[in-house]
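Common to both upcoming complexes is chain A, partnered first by chain B, then by chain C.
Showing the complex of A and B:
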């Protein structure tokens, strides 16, 4: 009984962390069709921003939820103005450019922070469930990702800004003819996507040992989640993260963590063979 | 005669070397020491202090009048954490620079990339890194710790401290982790215990939640974790975050080599048991004096680690061999070192084991305490028993294999 609760929490946590890892990319790639290979590095920078802020004496929650997304969002803004905006609509070129950016960010971080592992400890203590101890921080991650999904949904669905952004992503020319500047909208959307990546990196930072190359560990999972999710932003993210999170945890518990990772990749391959447009290309069509 | 690529390259390199000869003769008044480590790229945290330690040792020897009345000249190449550069620079060091000895290599892959070049060209080679053991080659001296040297003392001690017989092992999924896990199992059995389960993790796994739940289901008395690298550091963090740290004791053969105890907070690290041949916190006059010399040369000694110390020992051990042989000629130096030369330094005494060319070292049992390694017990002169079971260079001086040791 206790064990099944622990397994349930671990599954929810796995789903939540995939949602977090994928959210920033879902905005940048899913909405804007920019293949951002530097997504992992945006997350890594979110982690470093948090650790630096905490070491400077900032409250850890403020650092994670406010400072890191802002800083990474601003970095994203600069990147968009200098590089990405020249490459909209050129998929392969953005891939090359953002890959270069990822190398640049790894190099910069190494120069500033050194090539050593850093980290902060988790701010929430563990607690007992029957005979088991579980990591209290898992719940925080679950809560953050739920709020994040609700937030994205609310912004896109109920605010004018969300409507304009969605419109501009579908038909930039129409949005322009209605008096909105697509250039500005893209800029703002990229800022939001980067900030989400920064938030994800920040929230996951206390669980890992951070090195400048940490981003590489996230990038594959992020792309798998977003691509398998399909065209809908929130529904796609939720369904594919849910699917992959559960598959990988079932195999992790039943066999081993290695098999868990393998199962996730195999599931992704099979899923994309059956549903080449992603989950929401077939089901839940037209949802957000 | 068939001309294959290797022969062609060898011949070309030899000709290039021959063209360089006049210059080499002119410079013969110094002894040339080749160094080949990664001082940039992803392994620079290991390589940079190794390079600094090598230069410190050379400066000490030169400051004391040099070797055989000649100064030592360092010829260093930065391999930039790129395995391909190892073979390239090894060719350069041996055939063009014609150095008298080479120190270097970090990962086992890098050692294997250059070992045969060293052997073929008759260049004495020192590999100064903790590794999985088993290399048997008369041309090489390995003075890093091998798994059995740690596991032999760490496992029984940790089991005694934990007060139980049931052990759960978590290891990195590559040859070091696999081999170490086997040694751990052997010593657990020897101590009358049992290994409940051994889980292996690829180096990029950073999520240990499921594993922590599994460990609790198995309810061991002790967890031994030879995990490696930044992602695996997450385990120790998540273990503490779930509140397990005070329930089941933890031991590791790897944590702390890259100064990880300074990254974990005291709450996360305190009490973790390790066994190494060096710690910055060793409270001996030799270590204090060494750290002062290091500070005078480079400033802050906080980046110092076991691999740097091994490199320091490597250079001094070689120098002792040269002094004894009265020459830098390879066979004479090897013969001198095989008499069981030892060097006393910041980590205690390292003695060359003549049969395996590995090192007999002092191993310190330590516990993490407030981001330091607190020495609990020092066991002097532990021989490299794992390599000794497969390697006897006295009986087979022509051996040239890295054995996979069967337990």
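Showing the complex of A and C:
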């Protein structure tokens, strides 16, 4: 009984962290068809922003939920204006340029913070369930990712900005002829996407030792989750994160964590071979 | 057509002979060897990406696979000729299977990128986790993160005690690169190469002409992997150790940067890009002011933004503008004479 509860929590946590990791990339990819390979580095910078703020004496939750997304969002804004703006519609070129940016940010962080591991302790204590110890912070991550999904859905469905964004997503030329500048919309979207990446990196920071190259650990997972999810933002994210999270946790518990990771990747290859348009390209079409 | 191929071969032999003679006077052969090997690796991606239009994010997978195949086979066999052949064949077969899976599923750009990237990651994670004594192939222990050291390095075929190393090894690598270059030139001049370029330009049109696009892409992918595998085996011999880092994402990224900087759609570009950037990295590694990765990233971003065609095509067109015949002037000339004729007539 206790073990099954622990496994359930671990699975929910795996799904939630995949949603968190993928959200920023999904917003940018879904809206602008731009694959941001510097996404992992945006998360890494979110983590560093949090740690720096905490060391300066800011409350850890303020640092995570406010400061890190703002800082990374601003960095994203600069990047969009300087680089990505010139490459819209050239999918492969944006991938290459953002890969270059990712290397640039790794180098930059190494120069500023040094090539050492930094970290902060988790702000929520763990507790025991029967004979097992559960990390209380896992629940925080689950709650954050649920709120995040609801938030994205609410913004897209109910607000005027969301309506305009969805319109530009479907037909940028039509949105432009109705008086909305796609340039502005893309800029704002990229800001939001980067801020989400920063948030994800910040929230996950207490769980990992942060080094300048930690972005690499996230990018493949984020990439897989978003591509396998397909065109719809929330439904795609939810379905692919659910699928991959459960697959990796089943193999982790059955065999070992390394096999769990490998199983996730193999599942991704098979899934993409069977459904090259992503899960929501075939099922749940037209949902958000 | 054969005429221009033989001209190509003669030119390649001449230029490479001069380079093999001159370069060791400027750079130590130990460094030069690895530049040559990277050049071959760059050529392998330059072939499938620049001429076949297949953007592979995981060329490092075949490089690493070649190196590992060589190391494991060399430990088990105790000489180097058969392992060298295996190191070319194993990545080629692996790529043929992977390519068949992808191309017969009609996957293109982004999805191709994701799958090749993921396969590289799987190999990287798997090789990193093979530390225990249960991971053994024949007599070779996989060694996990530490890799496999201490295998038989290259020897004269048939004589396992006559090792090829130092300066001699540089000449072997340089000649190997020249041979691969000639073979690639011949391949591109053959009808197979022309159809491959056609597929890059317009896949549907080539398919409608009756060519089997999927089979041809798979074959080209396998050829690229074979070259990368050879480069991997040569690298294993040079470093005398193979580690999972051969499969790392940064290795894959570097190969792509070489091709972009050198110039896609040329044979020379990726080789020069690889050797040039690897040497730049070597020089930058001797200072600690600015981080190496930062400069590599900056170079990639700047090239994508300002010179997406790469250095070699840009220089070629610059050459044509400055010294070549001027087609524009001739057109004016023709038009002028024609006008005059019309006036007179």
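Just so it is clear, the second predicted complex is superposed on the first by the 288 of 288 C-alpha atoms of A that agree within 3 Å, B and C clash if a C-alpha of one lies under 4 Å from a C-alpha of the other, contacts with A are read in each partner's own complex, and residues count from 1 in each chain.
Following the convention adopted for this analysis, contacts are C-beta pairs under 8 Å (C-beta built on N, C-alpha and C of every residue); 3 or more make two chains touch, one makes a residue touch a chain.
Note that the structure is a prediction, hence the values are computed from the model and not measured.
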item	value
Chain B versus chain C as contact partner of A:216, first or second or both or neither	both
Partner chain(s) touched by A:261 [first = chain B, second = chain C, both, neither]	both
Touched partner set for A:93, first chain B, second chain C, both or neither	second
Touching partner for A:105 - first (chain B), second (chain C), both, neither	second
A:116 touches, of chain B and chain C: first, second, both or neither?	first
First, second, both or neither for A:253, with chain B first and chain C second	first
Partner chain in contact with A:224 - chain B first, chain C second, else both or neither	second
Those residues of chain A which chain B touches in one complex and chain C touches in the other	216, 258, 261
Interfacial residue positions of chain C with respect to chain A in the complex	55, 101-102, 105-107, 109-111, 113-115, 117-119, 121-122, 125-126, 129, 249-250, 253, 256-257, 260, 290-301, 304-305, 308
Residues on chain A engaged by chain C in the complex (per definition of touch)	35, 83, 86-87, 91-93, 95-97, 99-108, 110-111, 216, 219-220, 223-224, 227, 258, 261-262, 265-266, 268-269, 272-273, 276
List of chain A residues in touch with chain B within their complex	3, 6-7, 10, 13-14, 17, 114-122, 124-128, 131-138, 206-211, 213-214, 216-217, 249, 252-253, 256-258, 260-261
Touching residues on chain B, where the partner in the complex is chain A	42, 44-45, 173, 199-202, 204-214, 216-217, 229-234, 237-238, 240-244, 247, 258-260, 263-265, 267-268
